[in-house]
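The following block contains the structure, expressed as structure tokens.
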Amino acid sequence: MAAELQNMAAEIRPYFDRLWPITRSLTGEGVRQTHEILSEILPLERIEIPSGTQVFDWTIPREWKIREAYIMTPAGKRICDMNVHNLHIMNYSVGFRGKMQLEQLQEHLYSLPDQPNAIPYVTSYYNERWGFCITHDQRMTLTEGEYEVVIDAEHFDGSLTLSECVLPGATPEEVLISTYTCHPSMANNELSGPLVAAFLYKCLAKLENRRLTYRFVFHPETIGAVAYLHLRGTLLSHRCVAGYVVTCVGDPAGFTLKKSRRGDTIADKAAVHVLSNWKGPTQQPPKIYEFWPSGSDERQYCSPGFNLPVASIMRTMYGAYPEYHTSLDNASLVTMEAIAESTLVYFATCKTLDFNRIYTTLNPYGEPQLGKRGLYWTLGSFKLNTDQRIHAIKWLLNMCDGNHSLLDISLMSYKAPTKEVCGSNALLPSDVDFLYAVAQELVNANLLHEK
Amino acid sequence: MAAELQNMAAEIRPYFDRLWPITRSLTGEGVRQTHEILSEILPLERIEIPSGTQVFDWTIPREWKIREAYIMTPAGKRICDMNVHNLHIMNYSVGFRGKMQLEQLQEHLYSLPDQPNAIPYVTSYYNERWGFCITHDQRMTLTEGEYEVVIDAEHFDGSLTLSECVLPGATPEEVLISTYTCHPSMANNELSGPLVAAFLYKCLAKLENRRLTYRFVFHPETIGAVAYLHLRGTLLSHRCVAGYVVTCVGDPAGFTLKKSRRGDTIADKAAVHVLSNWKGPTQQPPKIYEFWPSGSDERQYCSPGFNLPVASIMRTMYGAYPEYHTSLDNASLVTMEAIAESTLVYFATCKTLDFNRIYTTLNPYGEPQLGKRGLYWTLGSFKLNTDQRIHAIKWLLNMCDGNHSLLDISLMSYKAPTKEVCGSNALLPSDVDFLYAVAQELVNANLLHEK
Amino acid sequence: MAAELQNMAAEIRPYFDRLWPITRSLTGEGVRQTHEILSEILPLERIEIPSGTQVFDWTIPREWKIREAYIMTPAGKRICDMNVHNLHIMNYSVGFRGKMQLEQLQEHLYSLPDQPNAIPYVTSYYNERWGFCITHDQRMTLTEGEYEVVIDAEHFDGSLTLSECVLPGATPEEVLISTYTCHPSMANNELSGPLVAAFLYKCLAKLENRRLTYRFVFHPETIGAVAYLHLRGTLLSHRCVAGYVVTCVGDPAGFTLKKSRRGDTIADKAAVHVLSNWKGPTQQPPKIYEFWPSGSDERQYCSPGFNLPVASIMRTMYGAYPEYHTSLDNASLVTMEAIAESTLVYFATCKTLDFNRIYTTLNPYGEPQLGKRGLYWTLGSFKLNTDQRIHAIKWLLNMCDGNHSLLDISLMSYKAPTKEVCGSNALLPSDVDFLYAVAQELVNANLLHEK
């Protein structure tokens, strides 16, 4: 896996570097530029929803255009310049130009006393306001005097940008991969998300004989998910068998699963399965949580009217690391290898779903005689026979009664004392694609039948 | 809470002191005197069931009247005098007057070799006997010679005394509070029970807009519960949504929950919820047990024909402390503050039940837009927003699908990594009354609808 | 129990010694000789199924007759002589006579480099081959030169031998006891199995008023179970309420339960109950595993078409001890006392099933008054009353609602804090036969009714 990770990391790096400096927001050119670049990786189709459109309980907001934003100090020094760091301008800020004393300016400054070297990420999407975000250290150095504030911004009727891409499979059953593109320069949350989603597409596109259809969507958080559900909710209610919100997947720490609201869907099971068996560089055991209704877009996908089987695989999740939503969530917090590894985890999860099938045995009364079909050891010797494949055959023939999928069988096999009984070389198959390959042999031998 | 506890403890003290010396039994004047005093706290209605009445498989016993009981030693010393300690006379003892040698007397003495300074509590309700209870230390000092036994007692056709009191609420759904008044001078078991039940009434009477009806009953253990079920069993089967047997609630140790036979009723859930989050002086974690069919009156309420949702919140339960059912279960074992704290625990549990509701969201598709209703942070900043109320709103809007009550949502929220995600200032609501208040806001905002 | 174990061990010893040297295989005279000896313990009925008979997906193989097998070294030394150890000849080997160089001979030799002093157990039932098993130490001493191989064996149309024995009870509901007799001289796997099964018969034959019918079957592993299911599968599907595959029950280590495929049958519950409470010489806690489809004949009984409630109680199970399937699995690994103790564990399990009943209370409203029926303490004193029987009565009267069997009640009672509440002398009944005896009292008192 090491070489694969290195290669993918090298491929990801230039995209990261190009996407990093863009000033993204709910709407606007930064978002379109971001989607444009991502389109080089996967064939995105753009959807523009006009400002003012009603989407369920929400209204698509006006578009935000920001050209310039800075403060000129009494000493004539330009600070909080969005060209230096785009977190300096409060996201979605209204335009403003004027002079004022420090005291008045302070009401428009946001800083974090507990993290004095961090610029916080602050937005004001639904209230008209202007403001600047600043490190607390710098704020403390501001002296009395007249400050000049320049924010060349406007809001106007435009549109909200969503991009989607459907990678077809043999069946119309879909896996939804959703990620968001509304945050300016922050690395783990959110730039890692769109990168993993895009490179996951590349992996899945190469998967032969795809059974499932994969739907990728990039949109702003919350309003974007609501708008997308307004467009595709009915379709997803019928076709979506699993889905994931891809976010916070860039730091090299252990993985976190936030289960879907239903909690026992194949989206949940496949993720539990993959994370519990993952043999990548990340050695920390996964954290697995039940659903809770704060967080990211799973709140929309799992709203009670849809209740879609949408979970979220993350690394260190939002809120759980101090750099979250500040300028410290930057390139030094994430690694391209971690982003690549997260991509492979998502790929393994999707493969698990794709290879998952339900079979029914055609010989339910006793085991079928495997020997005469060349499927068994010809020599009966516990000490000399350690073929993992034959253990898989036994699991399949016993458990394929039409009620257990390959994923179910795989999860079930964990509980068996396989090491004790079968020796360390005959560990149970932990990969559903391996079980699938063995099941195909049994289908060919007329022993199983796909349900 | 400290001042509230002090005040309530001071209020309880004089009642404890007046009730303590009374010689209670299954029946008789001691019981009536006890109920008379309790009537000063809550408006009890007396029910007298005549001796000989058939109640299910039982018959109401005769009434017991005891005037005097003691033994005169050969040296002319009066011992085992019930005026010194009413445990000396075996409860429900028949009358007797006579002289006998020590050997013969021994057959009528009860003591505990393992607890030589304790007078045991012994009854003989259903077999005609006389006897005295004595410390083993004193018994060892008895010398040969002639003893005079005086028991001026009689059994006669009278009645069994029950008292009940119904505190009405908006709905006929009832919470049953049952406690017993048949034990003579023992403090944790049982005097603490009637005191907590009576003072719980006072708390609930002040609760505004009570939704539930609260039914309090005081009766002798076992036969009293059977008789009460004979009277009210049909009504309780239809109306009782939760109930508790109040006993062993006077010592300052940690709480114990004995669940109802059904085990998953709201009586159980509310108690688990309150005990798991209790922030009173008692810091020990609660002990939570499944139902078992020994113990107190939950045996009758949870008999299979009724199977009522009746649990029991105790502190150190019957049998689990060495002083149980002896003269050592006295005022030094209990504190008025502990009795007051137990009252507040029961009150919190009843409030949990009272505020518990089921709601259905009116906006099931995606989250409703809270900002435009003034229900959300106007400023988007993870670091600066820590309002518990908004987390409660998210839980309610997601989980109010008509299947989850506020109590369910509260219990569900424990599993979420709220601290990690939302910071320590934004802990999930643990009180159902808080969730209720937030839900009312959402009802007013036309977002929820009470089911 | 010590004396009972000693006596049974002494009774088992001569059978072990007579059965040990016999060369068993899938078929043939060794098997018949084995069944003949076992018939001295229990009245077996022989079933012979002709070679070539189709049984589900399998065909009954030809019979194997082996008269002589050895290798003559260049130095004229006779090695791998099956008369010295019957594991030397590969089981079911074809006949062969010829001379060859060492290099050619090596292709027919099987040894274990990791266990150089062990002769492995190797079979070739379904491929025509000849071969010898040899310790790796001895193999290393073989020098170049010409070897003479003598295997006087033949395969011919004969029959497969199964023996069964039905011990009738009051109802046609059956417990299946299945064990196998196809392994040559190995002690824990398998000689312990048939011995435990046979002596279990002796115990059960003495059990008065047996409710259940017990079916014992001895056959070769796998093909024998398939053939037996072909004969009796329909009957078992209707009548078998519990079953066990008896194997690996000879070593003195702790017990292992492999649950049935269904996992929650009374076969599983009874075994969990007995193993969790076993007070025999074996002090190690039991290992309890869910079903997995490798192992022994439970694979056939639990194949999805039958899915019988068949579990397996073992001591150290197949595969989990290094001597498994080698000449080191010999008399020094097992003890007659351990075989006897395993027999008693199986007997206790069968008794648990036999005494298991479902009752319904005839007095569901409150507890019935036990005192007037002489079923209760006449003296009410917690400190002086410690009768286990009365605790059992309370459990039965509360839980016998037609939904809980005695076994269910017994398992349920584990969770109660009985020690704390009732004192150490009043532990809950852990034996279903005790609960049964108490239930019979209650039936006689017109308080319970057998469902």
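Per-chain numbering from 1; labels A, B and C assigned in written order.
One rule holds in what follows: contacts are C-beta pairs under 8 Å (C-beta built on N, C-alpha and C of every residue); 3 or more make two chains touch, one makes a residue touch a chain.
Owing to the predicted nature of the structure, the values given are computational and were not obtained by experimental measurement.
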Homomeric contact subunit A-subunit B: same or different residue positions, threshold half: different
When subunit A is superposed on subunit C by its C-alpha atoms, the rotation angle in degrees, nearest 5: 120
Interchain centroid distance [CA atoms averaged], subunit A/subunit B, Å: 52
Residues of subunit C engaged with two or more neighbouring chains: none
Subunit C-touching residues of subunit B, taken from the complex the two chains share: 55-59, 91, 110, 112, 115, 120-127, 129, 222, 225-226, 229-230, 233, 261, 287, 289-290, 292-295, 299-300, 302-307, 317-320, 324-326
Complex interface listing, subunit A residues touching subunit C: 361, 363-369, 371-372, 376, 378-384, 391, 394-395, 397-401, 412-413, 415-418, 420-423
